Structures are given as C-alpha cells and as structure tokens.
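Here the structure is laid out as structure tokens; the discussion comes afterwards.
Here the chain labels run A, B, C and D in written order, and each chain numbers its own residues starting at 1.
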C-alpha cells in the first residue's frame, strides 16, 4: 500500500498553445498546466505533480526528474520527431523498471509509444467537430471508477480504426463517432514492470481537458499506473551458473562461443 | 485457403558453424541448411524454402527477397549488433504488412525481436547440459499438432524466467529445467498483420534441429505464421475528410496546425 | 494439414420461420438451410454440411451426430430455455475435446454460450432498422480474409455494450450503430481444445445470411474453428504417481484423505 | 480510493481438519482460522475478516453475508459436490456484480470456479513431498509485491499441466516441481465486474498457510481483488428503445416475436 504521494510528471510538447490563438485561449498556460491542475484538484495529497516540456533542456526529462517520477503523462502532436532518441531510450528504460506512462490523444504517434508497442500506431482521423460517445466495456476496471456506462463529448476530432497497436492487455473504452467510425479509446499494456495506458480524447482545439469525465479517467489512470510492486525487475540477460537443483550430466562450457 | 506454396526464408547468423568445430560437426552446412532441409522434408510441396545469412550482401534480406517471403525464421546469437538497422526496419515493415516471423532460441535478443516487442527480452541462462521438458498448455493450438502432452530434450542450455517480453497473445509451451527454472518457451504475438512465434529450443552446441519434436513445432509454426488474410493493412495515419454518416455541427479546419 | 472435409452441423431453433410470415419469407426452409447452403457454395469440397434443429429428437444433437461434427454453428433466440441441460453438457464436452463452435447473433444468450463463458452474456439491444458498420481491428486474422477495412449492413437490430462476456482472446470486429452504440461483434475464445467464435449479425427479420460479407465471415469462421491439432486433451484430474524426475524427500500418502 | 476496510469472507470446507489428525495438528481451528488470522495480521485495519464453512446453514454464505463481502476466498477439496447449486449461483451473481474471489489450491475443482471458467479445470497431480519453486513472470503486478524473483516451498503436493482453464487474463506465477512438472500457479481473470485470482499452494497436509510468501500473495490478492470501480454493471439484456443518435429508416417492431 502506497503511503507516499504518487510523483506525476505531466509532459507536453507545448507548441500549439504558443503559436495558435484558439489553443492559447483554451489553455493559456499550456495543456500541461491544465492537466496538472486537474490532478492536483482531483487527487489532492495523493499526488505531487510537476510538468516538463519539449523546449526545456533535455525536454525537461533529465535522469533526476525521471528517477523521481512514478507516472509520466505524454502529450505530443506536431513535433514528435524533435524528441531526442536518447531521451526516448531513457523514458523507455524507466517504464521497463516500473514507471507508469499515460499516452494522451495524438501521443499515439510519439516515439516513445511506438517504441513500446513495436508497431506503427497509425489510425484514421478526421478533423471535424463531431460527437463522440465512449462506452465502457470493462466496468470493474479501476480506470472506469466514477463513470457511467457511457459518456459523451460533444465536439471532437475523430480517431478511427484500424488503430495499429498490439492487442491491448485490457480494453476499457470503445468510442462511437457521429461520422461512422469506432475506436479502441482506452487501452492498457504492461511493458517490463511498467504499466501503459493510452487514452484518446484530448485534441488541442477542444476544451477536453476541462471535461469532468476526461479528468476522472486521467486521475484514475494515474492511480492505476503508479508502481504497485517491489518485486525485482530482471531486465537484462543474466548468466546463472549455479543451478537451484542438481544437474546429472557433466558439461564443459566453451567460453569462446560467447 | 492457400493454393500456392508458403515461401520460407531461413535466416542464420552463420558464424559459430564456421569458427567452432563442435558446431560445425552438428551443422556442417550451417544451422540454416539443416532447418531448411527439415522444412522441405516435413512440409514438402507446401513450402518453397530459401536461406539467407548475415555475411551476404544486405544480410541476404534484400527488398526482393523479403517481398517474396511469406515466413521468415531468425537465428542469431553473437552478432546481433552487426545486423544493419535499415534492414531491421525493412523486416519490421514486412512483418507489419503480414509476413510471419519465427524467432528461434537466442534470437530472443535480436534487434528485430526486441523492436517488435518493445522490451529488453532478457532472460536467465545457464550453459550446462541439463534436461528440459516442454509442457503443452494449449493443446488445441495448430502449433501443438502432432505432439504429446509434453516432450523432452535430454541436454540443453537453460533459459529461465523472468523472460522480459510483453504478455504473449498465446502461450503454448512452458519448459521445465533440471536445474530448477521454468520458461515460456512457445509464445505468439500479432504485430500489424504479421504473426510472430518465439520458440526456445535450438542451442548451437546441441543437435536440437535434428530432434523430431522440435522440427515438428517449427513446421507447424511455418504453417501457422503464413499470411492467412487479404484484409488490407492500414498502417499509417490517414486523414479521412468525408464521414460515412452525416455530422451535424459545422467546423472550420485550421490547416496551419498540422 | 486437413485432408478430409470439415464436418459442419448447422443448428437452428427453427421456430420463428414457422410462426412468422416475415421470417418465413426470408428463410422459407429455415435459417439453417440458408446458412448450410452458403457453406456448401462458399466452401465446396472443404466441407460436409448437415443441419439439426430444436424440435428434432435430442435437438438433432445425438452423440453420434456430435462425434461426427468438427464445427457446430448455433442460432437460437426465443427458446433457449427449452434446450435440454444434458444436451448442453454434451455439446460443452465436445467443445472441450476440440469441436469448434460458432455462436450466431441471439445465440449470445444460449445456455451453451453462457456456460462456456461463465458470465451472463447480456447486452443492450434495440429493434429498429438502423445502419451498422463493422470495422475490422485484426486484419491479419484468418476470419477477416476477403473483407475490406469495414463493411456495412443497411438495416439491423442493434446490440450494444456492455456485452457481458469475458475479455475475448481475440477481438476481430467492432460494430458502429446509427443510434449511438458500439459492440464487440466478432470475438474468439478457446475452451479446452475447442475454438469458439461469436459473430453478431443475423437477426431473423433482416436478410443477413444472404449478405456476402456475413457469409464470408461465417465461412472463414468454419475454417478457423475446425480442429487443427492432434495434441491430446487431458481434461479431467489425473493422479500421476510416478515422477518424471527423482524426488528426494520420502513421503507416505494417506489414502483416506481423498 | 478505498476509505473503508475490505470485507473479507474466508470460506473453508472444514472437513479434513476434523477427521484427520495430521491436518488438525497443522490447523487446529481449521485452515480458515489460520488464513483469516493471517489477513488480520498482515493487512490490519485494511480488512474486516469473517469466516464461513460448508456445514453451517447455507454454507455460511447467506445473502446477507455475501452482500457484505468484498472478497471471498474459497478452499474446498473432498466435498465439492455437497455445495448447493443455488448457493453457487448466488456466489457467481455476486462475483459478476463485483465481489472479488480468491480460489485456493484444490478449489480449482470447486463448482464455483468451474462455472466461472466454463472448463473442466482438471490437472495432473501427485501427492508426494516434493520441492516447488514459484517463479514470478509479472513482477509489476500488485500481487507480486514484496516477493523476490522466485520463492520456494520445500514439500508440496504437485499440480501439473495441462491445467484445463481458459487462457488467464494475467499470468503471475509459474511453478517448477522437483518431479518434472510445471504449472500456472497464479492466474487472474475478470468475470463481469468481479476479479478472480487462482493461487495453487495450500495442501492440507503441509503448513503452507503459515508460509510468509504464501501469506503475502494471499494478502496482495485480497487488495487486488477488492472492488475498485463504481461504474455500473449492466448484466442482463436491456431493451433500449430510444437511440442516442437519430435513425433514418422507419421500422415497425413486431412484438410477437419476443
């Protein structure tokens, strides 16, 4: 049982908010500030929240920051390619060791998500202002806590199948779109000791991170993705010469082979 | 239903066989030759088999070869790092489009497998000559066809858990080792349209690719991994402006955001 | 590789067709006759097809019939309760031993499906004449062969989430409905050695079993669900006194405990 | 976040302890008393624990008891058949609504477990006093918290594959047995809103419920299986006449069909 706060780092590309007035209007201090404020309000003492953005040194994701992060949330869109490969590697390593990762909306195409999935993570999309209904198909899942059997978002950008991901370990939400598409909008995977949650809503030109249901899902996601086991992660190859039980046949190891 | 032969390419690092007499003794023309001969013998007209090795130009995996390959088998061990990244990318692209991939033994640490999994793919190992018993936990799976409830290999190198892979879509075999370890020895995943099968047995200093049960599993694996669907793979992002159903709200797209 | 035909038994409740003219008009000899004819036409020599219906002795599912059945398809709706429990048990036993089972449309509420799932298998439904679009989320799956990225049915009864099933082993189709719902319309599970495929479309008052895409899915389902492994099914408890490897500690068994 | 204690009911067949001195010696007040005491000691204020046994009225599982139970643990062995079917139904209904269920050792053959799984749940077994090593294959799972990469039990009854269960949603432990078998010893499933955890160790003639690692797993299991979502469970069929979005085509419902 966790007795100390979950340390959350909210990462944001933070470009649209500075270049497009419509986005700045919705998120004057950046989407990361809104998301972080939501966590502080909804989760209170359960969390300690900081933010980090692309244009900070090392994208704000230094070794020190990551080593003090229990759950990282990721929003990126137009500048995925500008994220440094060595920092992507650093984030991946931390996930495998146990850091939780929430990938938001257009983060589906981020380097870190694609690397953890092993697939292209492409999808159908349409920028209109259409209605979305998210149906919960896993009502007992902690990420569904506090929600109804479905919830609506009046105007969204559409994401549709095929969503090129590995079959999720758990499927929680499926979206219906006014224009005829469906989407696996809430999916989880485990990679190493780390839990990964992808959640679809969150376009920069709609006020989705102000929506109560979206906020609830993200807060639930933080709780769910926080490390919950001290069992050791044995990541790399390990040569264990001594068996736990006796081996009958003799054997000479040819060390030159390795 | 497939009416033409499955085109199999057996890939091998092919180094140990040329540098170590013990290996050359077991596999005088290379492991790939033995594996390929096994497929030809066990699958007959169902397959057309070729081989490719690390030291050939482009590792023998040109665009032409891959485009004519339905199932690729991969054995590597000491020279994973020498495989060119652009060719790993090429193989990954083909898997996502539907090519099957059989990853054999120490291929667990290959670039292509790690990239498709998104994890480190490390494991415990011990080079002794210990007994292995493989238990089938999914007897209805086509890869288990022709096998008993378990089968034995008298002298093997040990691979033990933790095997740092994503939870497999299907678990088929679990190995027991004389020295006290267990291992998920037969696992499948789907990536894009491609089917991936990892199979553990196959150390270079034991005659495992001559073993009837191992050969049977590999032959079954080829059949299982062969492309079986013409449904289109929609890999990349696709902007679909026209909805399939009418959208009520008007919306102006700001093209400068993308 | 299968060399003999797949023996298919198409089971139907066969009541609506005899009591309702609208249904009789679409399926004058019963839905089973239409489905069976589709299999014969689409799969030709690959299959031997027979039918069985509720009001035949033992519902047409004698031990002899089941022992000669590789794949059973199940359509029921209004008379689930009239299916005898001992025959449900018989069907379940055959599935566990390896017989494939295709559960169609309102068969979601059949005794056999609920028993194999362990859940209620309830869902939201609405009888209107609304549009359905089925999206394929697993394009490499053999059941998706021959289909496009989506296909439409112009007028259907709606089935919506929550669909109270265990998480499927594989999710193949997700449906969009005009009225705002979504549904996991193509799902697979393995039970024992048997493969189970649930497919949603098929209401008795719409000509869905005449639809080319629906027929294609069912034909693919038959191929996929046909037994594909001779590996033994070890169903019941088995006391194995003799270990495969030596056990060090002595032990006296107290036979009175069992 | 849970603010009230988890209400745990420890159910036990409680026959061996009264009829066999060797068992009574290990568990003088019954295994349920030992398991319950372990929960109280290990989980303290997090839980409120009661017990129930087969020979109590309604097996101690009245509607009142079940409605006040968040997590039920189940140990049975020789008297599975004596459990009343209506009470099995009652337990199943509660699981679907969200009650957690821990199935212990020989409980694999209980009516409730088989009903939730839809399979026979048989296995290989051998009563000897052999060594078991449990390997954790999912170190990030909350049920693995506090454990090492493996732990040992010196003398146990063996359970081996094939374990005739549906593929688990999560596989946490795999056991190695001295005599040559392996077993999926820690498995989870979701049924409705309820979480189900099967854990293998626990034979009545070995002091396994006094073992620190076994106790830790069970305590973790209680925390994991406790209800964690208020999202509604929509179990049965529901006719939803009013669509959420407009439907174009007119349709006349023939009510006589249902």
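Rule of thumb we're sticking to: contacts are C-beta pairs under 8 Å (C-beta built on N, C-alpha and C of every residue); 3 or more make two chains touch, one makes a residue touch a chain.
As the structure is a computational prediction, the values presented were derived from the model and not from experiment.
Listed here as common contacts of chain B and chain C: A, D. Where touching is counted per the definition, the chains common to chain C and chain D are A, B. Looking at which of A-B and A-C shares more C-beta pairs in contact, the answer is the pair A-B.
For the self-contact between chain B and chain D, the two sides draw on mostly identical residue numbers; the shared fraction is above half. Chain centre most remote from that of chain A: C (centre = mean of CA atoms). For the pair chain A and chain D, the distance between mean C-alpha positions equals 31 Å.
The distance from the centre of chain A to the centre of chain C, each centre being the mean of the chain's C-alpha atoms, comes to 36 Å. Between chain A and chain B, the centres computed from C-alpha atoms are 28 Å apart.
For chain B, the set of residues touching two or more other chains reads 131, 133, 136, 138-139, 149, 160, 162, 167, 169-170, 178, 180-181, 190, 192, 233-234, 244-245. Under the stated contact rule, the graph of chain-to-chain touches is complete, every pair of chains being in contact. Considering their complex, residues 1, 46, 98, 131, 133, 136, 138-149, 169-170, 178, 190, 192-195, 223, 227-234, 244-245 of chain C touch chain B. Put simply, chain C touches chain D in their complex at residues 16, 20, 22-23, 78, 92, 96, 109, 115-120, 122-131, 154-155, 158, 160, 162, 164, 166-167, 169, 178-181, 189-192, 204-205, 233-241, 243-251, 253-254, 256-258. Note for the complex: chain B touches chain D at residues 133, 135-139, 149-150, 160-163, 167, 170-171, 174-177, 180-182, 184.
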